[in-house]
Amino acid sequence: MMGTSNPLRPLGRAFLAGVCALGIGTAGAADKPEQIDIGISAFLSGPASVFGEPARAAAEIMAERINANGGIHGVPVNLSFIDEGAGSAHLLSEYRRLVQSEDYDVMFASISSGNCLKVAPLAEDLEVINLMWDCGTQRVFEEGDYNYVFRTQANATPEMLASVLYLLKTHPDFETIAVVNQDYAWGRDSWNIFRTALQTLKPDVEVVAEFFPKFGTPDFSTEITRLLAMRPDVVLSTSWGGDLDNFVRQAKQRGLDERSTLVLPLAESSLERLGEDMPTGAIVGARGDHYYAHPGYADDEKFNEFVSSFREKTGNVPIYSAFHMVQAFDALQAAYDRAIEANGGEWPDTEALADAFEGLSFRGATSEITIRPADHQGLEDQMLGTAKQVEGKDIAELCDITVFPAEAITTPAGEDSTEWLKGLSADLLDTDVTTYPGCH
Amino acid sequence: MRGGRFLLLGVVALIALMPLFAPWSKTFLVLAIAKGLAVLGIVVLLRAGQVSFGHALFFAASAYVAAFAARLLGGGELLTLLVIGALGSGVLGLLVGLFVVRYRYIFFGMLNLAFSMVFYAVLEKFYHYTGGSDGLILSRPSVLGIGLERLPFEYTLFYVALATAAVLGWLVHRYLNSAPGRALAAIKTNETRLEYLGISARGTLLVAYVISAMLAGVGGTLAAVMQGLVTPEYAYWVRSGEFVFIAILGGAGHVLGAFAGALVYEGVRMYLAVLAADMWQLLLGVVLLVIVLFASEGLVGLWHRISGRFAPAGREAS
Amino acid sequence: MDLIIFTLAVLDGLAYASQVFMVAVGMTLIFGVMRILNIAHGGFYAIGAYLSAGIGLAIASAGLSPWLHLPALVIGAAMAGGVLGLVIERFVLRYIYVKEEVLQLLVTFAIFMILEDVQRLVFGVQPYAASSLVDAMGTINVLGIPYNAYQVLLLPGVAVLTLVGLRWFLHHTLLGHLITATAEDREAATAMGVNANRVFLLTFTIGTVLAALGGAFAAPTTAVQLGMGADMIVLSFAVVVTAGLGQVEGAAVTAVLIGLGRSFAIYLMPELDVLMPYFIMMLVLLVRPNGLFGTVQTRKI
Amino acid sequence: MSQALIEARDLHIEFGGVKAADGVDLSVHESDHLAIIGPNGAGKTTFLNICTGYLRPKSGTVRFDGTEITGRSPRWITRRGIARAFQIPQLFLEHTVIENMLIGAAARDRVRSLWRPLSASTARDEMMELLELMGVADVAAQVVTALPEGQRKLIDIALALALKPRVLLMDEPTSGVSSQEKFQVMDTLLRVLAHQQVTAVFVEHDMEMVERYAERVAVWDAGRIRIEGTPAEVLADAGVQRDVIGL
């Protein structure tokens, strides 16, 4: 084959490096770099930039703050963003370029589930630490085993399960449910998880309609007409962004919220945009325990400082993607602390840093998160509340906030989510939860 | 002509050596070659004056065929996957072709678009089979029975892609100069006369359509193997538009233009996205406008103009 | 399927059809006269929508009557579409009429890409919504189901008005005659002293205004967001081709077919919803290769 | 009288109410040189269009060598031996003259190889000879767009002859050719036709040409064959002189 002698040379180098690494041990020391280069993938164009842009703002706030404090153990951080909106081919080649050509140290990728599934094996191949800072899909760690990939937040299973639990706690007697989700992997997968959990915990519920309108549908009126005619007790939508705004607004205009309870597990990210159009009584989730007015952190300095600097920078309240970004940075900082300590003060190499992530506990802007050593899955508490319009406020408040502890609702390491959900017992409803009565 | 040939060899050699100096460029180059092959498919149809705005259909179809085949064969073999992918898109090309070759110009373009959008929607909808928008994972195939690690595999894939492009480019060149190939170009200027010579314009176009579908198919398989994943995005209309864009950028109707265009396009796009993450689309649009308004013969035409050594573009292209 | 469901589906279908028609009619007109398939149409649509939402929000925050939004969105869209159309025709398109069809198409593709980023730079990434007009118009009950009056009364009304107005303009005014003459035979019209450049400028501007209007009228019912133009383009293509090139009435019929097809699909087989426009298009072209109202064009020998 | 090669029976066709053929019977015999004349818009070209399958008559039949060809496609009919040259030359404008001819030869020989270059066609010498005969060999390497109408006209006929047809239908073969050259062209053409044993039908309005080159003349008027016979007979007819020739 053409040129085989040349391609083998880098291979030989890699082999030698491997031998050397073995000689020293799997975790070791390295020279302190001039800066830590972090590559971050997020949607900066297209509809999903409603998550990407706030996350970018949060990343910039975090980097500024770290560098203002002298960096991570004296090493400043440097950020570079990859636009997921430019397509996954672009993401992958840009990811490779940053790692292989620019020697980036850590990657944060990504938002889209599809991209997460692509990036995880790539990071493993490139032997670069990748923090999945906003990935929803539970498939990554259930279907693959990784050394360099970690998730600094929860995944779809606890997020949906918490939504089911909250719904059952607040509306124990409902009989019928319909779903209107975006027609792509998230919409399909999240519904599968939700339905599996629901049918295990409350087998008599009837699914009366399943709609998967095209991603980016501007008009839900036909679906809404159907729902109005069918009158299901509960209407679920795990949509987000403009799609969720559209659905909720059009549903409210035609009084769907008066006939059915809306369950919107991602609506925290739409609260500010929807404003007065968020129907009172709708169940709102936040993919974690993020809420700019979280009652549990009303007096917390770190939380308040982040919320106010975010508002200052962007003019908006922070949404969950911004909180997730904070968690990625805090995890990184905590991992370096831990690795340097374990290394006796020496700067860690990639292996040592990766070791530090296993079992790492850290706190983002809200509650503490632990990265499970077995499968690198983050354990993140889940918060849900019920929206309420309050006179004189242009953004709905969340009432009866309930925070579900991560351990109880996360699939145990090594198990398949669907199977685990099928084996749930109704006792789960009695798990100790933190509740914040009243509206906030 | 001789000077041109040496230059061509030089450029190919340069590309062949590039991954040794810039390891990350393998991905980039394989994707550029993969797109270049799809663009070559567009170029073939452009010969007949027809523009397919749905060629991503075949790019995606072969990628999915390869992914399914790899799954059935338990990993699969790179060369087998390339052949299966090409055959898959060829068969689909025949089926779609039987329908679309009855139409010309805007109808031809739009029907192709419609087919690709139907396919796109089906890929997203039937997610129990196709994995929906997450797509299907295509694990690294073996090469001639040998399972390779990432690095040697990427080098192998790159050189396989380069060799495939060279061979297919040459075959297409031969085809375009053969009797059916010249008759294809005659569809553009006088289809009526073609029929009055006893040549079926539809048949001629159908042959070209299947060839062009297979070219896009080989490209799609290469891209899928490189990325290790196939998604419905492969079939989206913007990607089809991109192929047409590249064909024009390279110089419509030219075999080399397809690859030159793909390389330049991918390069420009990548650097724009890095340097101006906020407005790469805008800049790309401006580049496109400038090309159409001031250099509509594309890169190949530009090269002719600069070098001034060749005959007028119209003849040289044939 | 009982009669109630049938009625509801028809109502939904017609409401959707009016929106589709409003978007596609401008593209059909431009294609009929200029033979340019205008991808940038999606961009004009989105800009019209952003503008309308902006106006709506401004009216709401100023505490003015939401009804003001109606005339304001028409005027805003007409102005924005007018300016964009004039500028783009005069300074870009004019130079490409002599070029090949595919190049013309690519130019509009380029304009579309540029407009996409312009929207992002100007309006940011957050979706906008200004639905106070829809709220103000309230709902009407049909068989116990509340419908937005805006969607089932105003939008179809506007669509019918546009169709009738455009027909009248094309068939009963001098300018309209110039446009139809140019559409039928550009060379003959030029020979008779019609200034094709001016006709093109006018047609393109009207088409652009219609696109912006389509967006402006869609805005109150939906969140205006990035990427909204891209999907509309493909749908409009389907309408243009199914209708027969340049057939304004055909666009109306096709829009109704697509609207009904979509709503019945959602009622009966939701999985097929997205595929309906393409199925309709292929079916029509299979039976009538030149579209519903298209005429056969043969080469003179 | 020899067996009719093309035999049209009771053809009817109309365009927007105008009857272009209203019960036409017309036969073309082996080795015939038939000229069709008539006023403008009378339907002369329509006859060629029906015989070559471009138009389908409303009723009536056309037989070629005993086989019915009514309503068959131009391609089908061409392959059976009826070739056609056009009033407005129909050529592949972006190809060279020789390429035009070679495509014709490839069509005749059913060349389907996707591999062998057209330029290496074995028919090249034969095609050059044909161009030579038509007097256009010197422009063989030129692209058609670069040529004047007159030369295109000759190439158009040459291209039809490249198919080695049994019948050649021509629509005003010398229109566009300069008046000095047209006799020369027709002399050559007839020689080629005789050499290849091709039967010829031509629509013509130049009576001088008809007189000189036609063996038989049919007058097509208002959708009917008004009179048919030798040039001398037909041109002497007073009605024809008045209505068709315009004397």
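Chains: A, B, C and D, in written order; residue numbering restarts at 1 for each.
Convention: a contact is a pair of C-beta atoms (placed from the backbone, for glycine too) under 8 Å apart; a residue touches a chain by one contact, two chains touch by 3 or more.
Because the structure is a prediction, the values reported are computed rather than measured.
Counting hops only between chains that touch, chain A reaches chain C in a minimum of 1. Averaging C-alpha coordinates per chain and comparing to chain A, the farthest chain turns out to be D.
Chain B has the C-alpha centroid lying closest to the overall centroid of all protein C-alpha atoms shown. The mean-CA centres of chain B and chain C are about 32 angstrom from one another, to the nearest whole unit.
Averaged C-alpha coordinates put the centre of chain A at 37 Å from the centre of chain B. Between chain C and chain D the centroid-to-centroid distance comes to 49 Å (mean Cα coordinates, whole Å).
Note on chain placement: the centre of chain B and the centre of chain D lie 43 Å apart, centres being C-alpha means. Chain B has residues 121, 124-125, 192, 278, 280-281 in contact with two or more other chains.
Residues of chain A in contact with two or more other chains: 44-45, 183, 212, 214.
Residue positions of chain C with contacts to 2 or more other chains are 117, 120, 271, 274, 301. Across the interface of their complex, chain C is touched by residues 44-47, 49-50, 52-53, 183, 210-214, 216, 218-219, 221-223, 225-226, 228-229, 241-243, 245-246, 249-250, 253-255, 273-274, 277, 316 of chain A.
Chain B makes touch with chain A in their complex at residues 16-17, 19-20, 22-24, 27-28, 31, 121, 124-125, 127, 131-135, 137, 149-152, 155-156, 159, 162-163, 223, 227-229, 231, 233, 269-270, 273-274, 277-278, 280-281.
Residue ranges on chain C touching chain A, taken from their complex, read 4-5, 8-9, 11-13, 15-16, 19, 117, 120, 124-127, 129, 131, 134-135, 139, 144-148, 151, 218, 221-228, 231, 262-263, 266-267, 270-271, 273-274. Every residue of chain D that touches chain B in the complex is listed here, in rising order: 52, 73-75, 78-79, 83-84, 86, 90-95, 99, 102-104, 106-108, 111-119, 121, 143, 159-160, 163.
Residue ranges of chain B in contact with chain C, taken from their complex: 46, 51, 99, 102-103, 105-107, 109-111, 113-115, 117-118, 121-122, 124-125, 191-192, 237-238, 241, 244-245, 248, 252, 278-282, 284-286, 288-289, 292-293, 296.
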